[in-house]
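In what follows, a single structure is set out as structure tokens and then discussed.
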Amino acid sequence: RVEHLFKEIFKSALDVQEKEQRKALLVSRKKKAEDTVVEVNGERIGDGKPTFIFGPCAVESYDQVEIVAKAIKEKGQKLIRGGAYKPRTSPYDFQGLGLEGLKILKKAAEEQGLAVVTEIVTPGHLEEALDYLDVIQVGARNMQNFELLKAVGSTNKPVLLKRGMAATIDEFINAAEYIIANGNDQIILCERGIRTYEKATRNTLDISAVPILKQETHLPVFVDVTHSTGRRDLLLPTAKAAIAIGADGVMAEVHPDPAVALSDAQQQMDLGQFDEFYDSLMKFMKQYEMNR
Amino acid sequence: RVEHLFKEIFKSALDVQEKEQRKALLVSRKKKAEDTVVEVNGERIGDGKPTFIFGPCAVESYDQVEIVAKAIKEKGQKLIRGGAYKPRTSPYDFQGLGLEGLKILKKAAEEQGLAVVTEIVTPGHLEEALDYLDVIQVGARNMQNFELLKAVGSTNKPVLLKRGMAATIDEFINAAEYIIANGNDQIILCERGIRTYEKATRNTLDISAVPILKQETHLPVFVDVTHSTGRRDLLLPTAKAAIAIGADGVMAEVHPDPAVALSDAQQQMDLGQFDEFYDSLMKFMKQYEMNR
Amino acid sequence: RVEHLFKEIFKSALDVQEKEQRKALLVSRKKKAEDTVVEVNGERIGDGKPTFIFGPCAVESYDQVEIVAKAIKEKGQKLIRGGAYKPRTSPYDFQGLGLEGLKILKKAAEEQGLAVVTEIVTPGHLEEALDYLDVIQVGARNMQNFELLKAVGSTNKPVLLKRGMAATIDEFINAAEYIIANGNDQIILCERGIRTYEKATRNTLDISAVPILKQETHLPVFVDVTHSTGRRDLLLPTAKAAIAIGADGVMAEVHPDPAVALSDAQQQMDLGQFDEFYDSLMKFMKQYEMNR
Amino acid sequence: RVEHLFKEIFKSALDVQEKEQRKALLVSRKKKAEDTVVEVNGERIGDGKPTFIFGPCAVESYDQVEIVAKAIKEKGQKLIRGGAYKPRTSPYDFQGLGLEGLKILKKAAEEQGLAVVTEIVTPGHLEEALDYLDVIQVGARNMQNFELLKAVGSTNKPVLLKRGMAATIDEFINAAEYIIANGNDQIILCERGIRTYEKATRNTLDISAVPILKQETHLPVFVDVTHSTGRRDLLLPTAKAAIAIGADGVMAEVHPDPAVALSDAQQQMDLGQFDEFYDSLMKFMKQYEMNR
């Protein structure tokens, strides 16, 4: 009885301690109560209305990107994603077009008035790439590439930071802290599924991470429905869930012809599927937003 | 090149094979295209409109259950949950009131016109309990207690089958098949979180399991927001996500005084929280349903 | 600084608390410092010298069991395992021969002077089975089938308790406590791999669980190399690791013709492989034992 | 029946395919049947006799390193580890002494005739560090930092590559392939535990990964007992298991005064514990080696 009481007291004390420590982080709500809004190309990410990032997994050619960019523009969206430096499991898989790919992406994006979101995988690429991107993506495999975090933290470009494959929420928040501690507070967190025993989906979308991250930090939180599920048939339902639970935006991959894509062929939407996805989501959101 | 082509062919063939096999299951959409609707106390679970199961973790006393039953009735809900036979990690934890607890639950429920959902943990308890329950719950720890599955499959009571702590979706579907193969097709599947490395929540809610289960089977799918998150502050956001993604219902725990609850003290809602949870969810749903 | 110190103090206090509580368990070293030795058919399991349990996954016929029983006897071993009541993922898989299978197993075992280890999956089977078995196995899926634990705890037969598929060590210890709390202290714990994201093996053998269980409890600890790895080529190396780390014994499956086995065809050894496995392990142990 | 047969055929075909592909890797046994031996400072890592890497988690001062270096030399060992560039979860944790730390480590090592094993976390550090190290460690967080893998693959220094926190064995092998594909075949693989739900240990040592990696590749395989267990009391038993299962070596952390260590205070051995660990392991190995 008494022992149990003591234990409870200790536990509470420990919890208080840990919460205190977390409050001290620059990314924490305690340090800054109001939501951080990241402004990119006129989009105000994190201001309460969900925003979107669409685009192909990898940049393959000007034509490929242009088709997708036009589809995005038609929908009134402002951002396009595309990989130029591709982190791939095997050294013999397509490694991306590098700087050339990024220039292609930038050109196609500018012609449609879109801003570019692209992944940087090592500090050494940052300088050459900086002129051709608007948002720096740090991918799941690099969430604890601390030198990269410091490097992007020293730029004045917004950063989209993806959660590591098996990162705890606490590690995720601390990774963002590396960026803000180096002077850059324009950070978008992105839940993209975690690695679990379940293989029906590519990863397991940890949907509860969204409200936890919104509580603990003042940063906008996105959900990448493509990499979390790895299944085209789950993109729309998980996007609805993401918005319903309070995500600030959704990221999804679109490719003119997924079957011949050089990466992620199984999970990108084609243009028709993209239209359908977008329309259904807008319809869902129209209802939902009234009440948010 | 050619090798790769062969591999793709094999892969497709294998996938087709596995899908065929799955189609053969009695619980599969292929065997029965239309949704199964489980009718309990006038509620039609699975007919498109979300339903709810609320109630305390464990039955502790008549007064305790009565208070919750009244709150449920006031909201126009028709079902109450409560544990009489409690599976507990330690033999020295409160093990539930057993049949006496079940009789208390039934009495309090009947007085408010509610149907009883309660867990049965072993075939030997089934006979004595059958008169005092309306829906048999098979808990996560017993999802592969096959003799129990066969036993509940031989009754004519609806069964709420929870996903095992680390069960794959495929194992979950096969567990349901044990029930239907014994003659009982009144089955409600319930996602309740899976065990992963992430400890910010009690379990990790596998929200994508909901649309997968809806695709693969014709059974209604619930989400237990209490056990998946283990956190009171996440009940409302995850309930919204569950409904947005297409769940047929939500289960959550309510206790008149959670702080003194004999189990799950950290995660049950008190009556005020219950009101707030319910009102917010109804408001969310009102918008949402128009468009479903 | 001071805050950190406080945190450390709290943490230590909490740890002390939890250790105290664990000490209170009947299975804990604190309650009983000396090793429990479970005696079966002249084998003293847990007395320092590793022992072995071999046999087919499932009993299929008298001939099948007899062949294996003879091979076990030839090696001077005293125990045979075999499943009569089989817990299977699908209701359409071979479910075991039930009591008839158990009678076959007992007969073949007795003729070779072996004791029978067999799984019981529900309390209702216990009475009919008790005369035909020497060690009751509680399988991974039933580690938290508490009514079964209570039932086997009320018998006077030794119990081999397998760790659940995704059970923590703490839950495993508490499951054993259910048995001892009901009066039966003849318990053998069995690590059999846990479910993780890694699929190169059927499960991930948690080898460190062995020394932890030996520290925390006074019970003998086995390692099931068949179910943890699911790969014939890993049986010998993992058996060596198990013995080197201090396991009290090893369990492995042997079948006269694995290719036609009605379950676990991929992972059982045939008789030739069994000979080779056993000889190599004895050679390894001969060296090892001198120094243990 | 027939369907099942087809399925089996397809499955086998797929397996054959995948094995073929794996054979094609430069790190695979198929490409090179004989074991790769990595020679460092007279130690032949991978030639059948286990070798060892000891040293502090982080370099803190010359005195600290010198004490450990002397203890290592006394035991006749040839390698010392120590972190100068430290990847830490929080930006406010001790980040290592950087190049200065590395110079300290090199000086203390040279004076005792030891070779230096140290982690490099980003390609940009490689040039300045190359003169002060003998083996480049790539840590778990950087296993898929592909630009770093390419960079270390372009040096002529041996590389100790740690398995990622939640990397599959297949991803681990492919990470090594990045190094060898860039021209460097002096690679030591290091299993260091994987992230699972079990929290009794810091990570779960995946001991079966050792024989799998030995089968699939021709590279030496180490086990880091410190990071896999995170518990001083498990270092010796897991080291024995590692050697028994066929590991080419063991890595463990030693600190003159772990209680005041700037990182990993809970898991480093002090000098007395180091002596005891080493003596017990040598005694174990003396027996074991006779028969290997």
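Here the chain labels run A, B, C and D in written order, and each chain numbers its own residues starting at 1.
Just so it is clear, a residue touches a chain if its C-beta (ideal position, glycine included) is under 8 Å from a C-beta of that chain, and two chains touch if they have at least 3 such contacts.
Predicted model, so just to flag it, every value in this text is computed and none were measured.
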Of A-D and B-D, pair with higher C-beta contact tally: A-D
Of all other chains, the one whose Cα centre sits farthest from chain A: C
Shared interface numbering between chain B and chain A [over half = same, under half = different]: same
Centre-to-centre distance between chain D and chain A (centres being mean Cα positions), rounded to whole Å: 32
Inter-centroid spacing, chain D versus chain B (mean Cα positions, whole Å): 45
Numbers and ranges of chain A residues touching at least 2 other chains: 166, 170, 195-197, 199
Residues of chain A touching chain D in the complex: 87-92, 121-125, 141-142, 144-148, 165-166, 170-171, 174, 177-178, 181, 195
Chain C residues within the chain D interface of the complex: 166, 168-170, 194, 196-201, 204-212, 215, 228-229, 233-234, 237-238, 240-246, 283-284, 286-288, 290-291
Chain B to chain D touching residues, read off their complex: 3, 6-7, 10-11, 13-14, 17-18, 20-21, 166, 195-197, 199
